[in-house]
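Which chain is which? They are A, B, C and D, in the order written, and residues in each are numbered from 1.
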Amino acid sequence: MSFNTFGKIFKFTTWGESHGPAIGCVIDGCPPNISISEKEIQKDMDRRKPGQSKFTTQRKEEDKVVILSGVFEGKTTGTPISIIIHNKDTRSRDYESIKNKFRPGHADFTYFKKYGIRDYRGGGRQSARETACRVAAGAVAKLVLSKLIGSKFNVIGAVTQLGLMSCDVNNWEDSEIRKNPFFCPDKKSIKLWEQYLLSVRKAGSSCGAIIELRASGIPVGLGAPVYSKLDTDIAAALMSINAVKGVNIGSGMSSAYLSGEENSDEMRMTSGKLKFKSNNAGGILGGISSGQDIVASFSVKPTSSILSSRETIDKKGKNSNISVKGRHDPCVGIRAVPIGEAMLACVLLDHYLMNRAQCG
Amino acid sequence: MSFNTFGKIFKFTTWGESHGPAIGCVIDGCPPNISISEKEIQKDMDRRKPGQSKFTTQRKEEDKVVILSGVFEGKTTGTPISIIIHNKDTRSRDYESIKNKFRPGHADFTYFKKYGIRDYRGGGRQSARETACRVAAGAVAKLVLSKLIGSKFNVIGAVTQLGLMSCDVNNWEDSEIRKNPFFCPDKKSIKLWEQYLLSVRKAGSSCGAIIELRASGIPVGLGAPVYSKLDTDIAAALMSINAVKGVNIGSGMSSAYLSGEENSDEMRMTSGKLKFKSNNAGGILGGISSGQDIVASFSVKPTSSILSSRETIDKKGKNSNISVKGRHDPCVGIRAVPIGEAMLACVLLDHYLMNRAQCG
Amino acid sequence: MSFNTFGKIFKFTTWGESHGPAIGCVIDGCPPNISISEKEIQKDMDRRKPGQSKFTTQRKEEDKVVILSGVFEGKTTGTPISIIIHNKDTRSRDYESIKNKFRPGHADFTYFKKYGIRDYRGGGRQSARETACRVAAGAVAKLVLSKLIGSKFNVIGAVTQLGLMSCDVNNWEDSEIRKNPFFCPDKKSIKLWEQYLLSVRKAGSSCGAIIELRASGIPVGLGAPVYSKLDTDIAAALMSINAVKGVNIGSGMSSAYLSGEENSDEMRMTSGKLKFKSNNAGGILGGISSGQDIVASFSVKPTSSILSSRETIDKKGKNSNISVKGRHDPCVGIRAVPIGEAMLACVLLDHYLMNRAQCG
Amino acid sequence: MSFNTFGKIFKFTTWGESHGPAIGCVIDGCPPNISISEKEIQKDMDRRKPGQSKFTTQRKEEDKVVILSGVFEGKTTGTPISIIIHNKDTRSRDYESIKNKFRPGHADFTYFKKYGIRDYRGGGRQSARETACRVAAGAVAKLVLSKLIGSKFNVIGAVTQLGLMSCDVNNWEDSEIRKNPFFCPDKKSIKLWEQYLLSVRKAGSSCGAIIELRASGIPVGLGAPVYSKLDTDIAAALMSINAVKGVNIGSGMSSAYLSGEENSDEMRMTSGKLKFKSNNAGGILGGISSGQDIVASFSVKPTSSILSSRETIDKKGKNSNISVKGRHDPCVGIRAVPIGEAMLACVLLDHYLMNRAQCG
């Protein structure tokens, strides 16, 4: 039972609210003697942080990570790594006007009903600001995996659907993803997406997104049936991200439409090396990695904070209307890319260690 | 870290292989003084058990549950409830011919690579036979929830997509679901589905399915952000079921296509009672139940054991071909309905108890 | 949170009541490809089972273990090992007369108050009968450790104090322990102990005991500070045994009386090998094994079921008197020896796997 | 598996090293709407902090707690409470001379062997400085328990044995304990203890101690057999404190010497109220609280850092000698009193919530 802790061996616990003095995480179970640095972690932080383009919230946060423990002379010691990120640009006044109303699509209502208390400033704990900590933990996980598995290890994510706009996944290029503000893997779609998202923002509206994650270099044998399956833990990891409503592994929901012949991935030895002829399984069979690329995708619902007036109720149970101004992403899904990568990296490292525990 | 245990307070551990002498589960953390009986549990078992229609495997198992502990004079004592189900109809010889080959789409390959040993008889532990234990645990969870929440509590599932055949969810009738062998909620689709599945079976092929689950009467406040969110745990629960590749909460993957206006569910007080104007959230906001119906769906890939010859390799790494005869469901998704219900019930009870722990 | 589960990676869950049809355990997380058999496990069971000498309860139980899952062709498969032990000699009538009274020193009162229900037959779940399952799990742990560490690994326990009678620990001989009904390590004390215990039994009274455990061949580095220290987990393991009231590691409670000079164990290299000059630490420094023998001891209170009349109350809160006839051990501490060994073996294996997970 | 996390529902995770920039803890699972403040927590911190008398280390630390999250407008929100304590008085140079040697009785050797890396500055993570975080968490637990149980709830500890000097526990007075620098409960022993400890310090030596803890107002029914027994968790909690080598519940190790008649606590109704005639059980029967006072004690070994020269080895495996100067407590056991209280409070709250989860 771990309300704010993720993982089983490589565990991280996050804390902090959107408008508190700081947020942070404590990473436990990290293998010792791995080189890590604030600078390396910061690279991933910078990909998630707000205020980077006109397509994300204008809240300005440096998201500067500070390591408080667990690292000595540049190396992990095997003890807890405490990371803190100070909040800089909090404007709690922005939230005064809505402090007694529940924003539809947000967790204002459910938090208040559950806990009997509500930190209305920027959503408090329910804010996606918490995800900065996940990215920090994920950055550490990637460094560890790179050391344990070697350079063939890689995790990368991209937006493959931006609201109503798709892209051609066959044009996926890793190098392209980090060059555009949408994490779009298909160069040809970028212009169109830009126009689309500008019009969404202009309308004071918002849109959803689908993010696809790919991990390569993953050894066969990670995953622990039947209730710690690799896909089970990936599903939990991704569904725990704010605003996520669906998760697919490999062919995902679409596998329902396939025939048995189409779906199961045939195997062949070619020049002494195993090749699967397709990857509907997303690299996972019976909850265990097969050596193929791990492929998962997830949907992010449209930002709930929009300009249009919406019907709601207030804390006293009176009907009311609400229109959320503040500073918001027209598509929160975009910034979910580094978060998804981070969560996937954490799950993979966790299972790497779990497998090492049981199977040596 | 719980390889074969599910849950946090209301926990169950399953054990057993497809062709071993028995399978079973141990339920821990069950509240005391709840009336339960083998007869009540058997009702749910009977809905999952094989050999009930021509659309499921012809393996004949009674799936008769025997309670070995934790119940005294008809009531739970608060101590572990051990349930055993003896295997009756095991024909391990059927598997002799494939014992050295890896069936594509199955976990034969990954189990062997992970553990260095393989119980080939009916898939051993990877077999969906394990899910009988989940249904038993779910039956107990339902009885507990009915006592704690009252008669307004209900969990029901249905197949809403059978391979390429959809049905009209607007025609959903609970009473209809248990009358047909497909758990189809729409009376009008049954005939077509029957013809479709017969032709799939005749072709020696198989098809996938989508199952939708609905839980009503769930109080507001269940769910524990941020890593034990109610939707996180539902996603894990459903993804852990054999052959599941995708999970949706509410609008799920489709939420990517909605605008902010369409997606967030507006709230209104009507005659002193809160009504949401839609349920895209599937009854969960910020990981906490909102009081609306919980709605989740999941896809089941087509049965991997098919008659058509498929390319594969054997234990020695030689190329080979395989065609699986044996006794198999043309659509394993159908029998996933009671399993999905069971898992959802277990998650809901677990969160009910967790909420009681923290919030009283 | 694990009411009836012990361990973190190598976990076992026990179930069953003293007078139910059976008791059992499910072992999860066991490494694969280890040879185990019912016969090997039975050897340890036979050392704990009742009715073996006039110094233990006359309840006759074979305590025959049956493996229901997790082993294929004589080897562990990495999946759950389910073990069942059928109860044979239950005489629930013996307990009719006390079913409404609370036996002082027993958990009758607290179970009833906590759960609102009481299985009075032989104490139900509170009975030490549960410990048979621990011995089974411990037997498996020993087999795994012997494979992983090699033949230098050993765990052995002995009674070093029987009520008021001590023995000379300097005369400790492993081979002696298994030859006498008291698990006494000092040949010279056996005769005296026999006379002492006969007189205790004759008086209808009972006595306590102190058990010392020694594990050798344990590699340096097992233990995970600061809340999964090796000594922390040993203390929990031993204190969880029925009737245990105190636990010592190395010098234990007596370390309070030592000076800093006496207490800390000096280190010296002798012919290229590290030697500690004493072992007050019991082989554990900062929660991590040092390579010395692990030494722990624990006290078992005298059997609470005695013939003498005792003051108590009944379920209605009326004053009453009670005298417990039935079949009881005059010193339950004796049979705690194999239980202590089993628990220590389980903790050591658990930490072996944990260390392998984090530190490779 | 929780290396640096304690607890099951009310959990806290500690981080930080003796000579790092800060130490801290994250408390998760705290019930919402409880009034807490830095000021209240500071009271407990001040009782543990160093540099308060000539009988403790002269390291000067304010141990000022800062709450970074989880509290809004003076009340807990149900989200993680992050507490930070900045280190002020670190003199890492003091440790330069011993950085390559292993101090006997310390964890220098085992940490280095386990992790392959060593933070020699003040012992790094192995330092008892970590316990400041436990006291902070315990202070929160006490505030929550006082709210949930009411004013009859109390936890208090005292030193009952200081090296070779005992005191008369029958003279125990709560009010006396906080008035003297030894947390001695018996006014008559203070003078003698003062002389004794001064001479120990003067000799450059150190001594051990025994601490007794008492909790009153604890409701019947806390504790979860069989592997989360209340006494099991208390034993683990206390054994996890630095330098602790033994734990007793009630009569503890001495229960071995009692007869069945002496040991089991008889029960009597007096004016409608249940009274136990003794408390050998320490308030716990079958792992569940009986409503009596919870009584536990533990031993703390003498400080290992002493002036006398001791034999040891260095990192290269060479024989060497060591004499530890620095700033050290002549009896670390004294400062273990508030730590023991804190740990006991955390266990009690955890079990309070666990019981509420399962039994309502």
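Just so we're on the same page, a residue touches a chain if its C-beta (ideal position, glycine included) is under 8 Å from a C-beta of that chain, and two chains touch if they have at least 3 such contacts.
Because the structure is a prediction, the values reported are computed rather than measured.
Asker: Between B-D and B-C, which chain pair shares more contacting C-beta pairs?
Answerer: B-C
Asker: Look at all chain centres (mean of CA atoms) and spot the one farthest from the centre of chain A.
Answerer: C
Asker: Need the CA-centroid distance for the pair chain A / chain B, whole Å please.
Answerer: Taking the average C-alpha coordinate of chain A and of chain B, the gap between them is 26 Å.
Asker: Can you work out the whole-Å distance between the CA centroids of chain B and chain D?
Answerer: The computed centroid separation for chain B versus chain D comes out at 46 Å.
Asker: Round to the nearest whole Å and give the separation of the Cα centres of chain B and chain C.
Answerer: Once rounded, the distance between the two centres reads 39 Å.
Asker: Would you pick out the residues of chain D that each touch at least 2 other chains?
Answerer: Chain D, residues with two or more chain partners: 1-5, 8-9, 14, 29, 32, 78-79, 114-116, 125, 225, 354, 358-359.
Asker: Can you list the residues on chain A that touch chain D in the complex?
Answerer: That would be residues 1-5, 8-9, 11, 13-17, 20-24, 26, 28-29, 32-33, 68-70, 72, 75-82, 84, 114-117, 119, 124-125 of chain A.
Asker: Would you tell me which residues of chain B are touching chain A in their complex?
Answerer: Within the complex, chain B touches chain A at residues 1-6, 8-9, 14, 102-107, 109-111, 113-116, 125-126, 130, 161, 163-164, 200, 205-210, 220-221, 223-229, 231-236, 238-240, 242, 245-269, 272, 274, 277, 280-282, 285-291, 299-306, 308, 310-313, 317-319, 333, 354-355, 358-359.
Asker: For chain B, which residues are in contact with chain D within the complex?
Answerer: Per the stated touch rule, the residues are 1, 9, 29-32, 78-79, 225, 353-354, 356-360.
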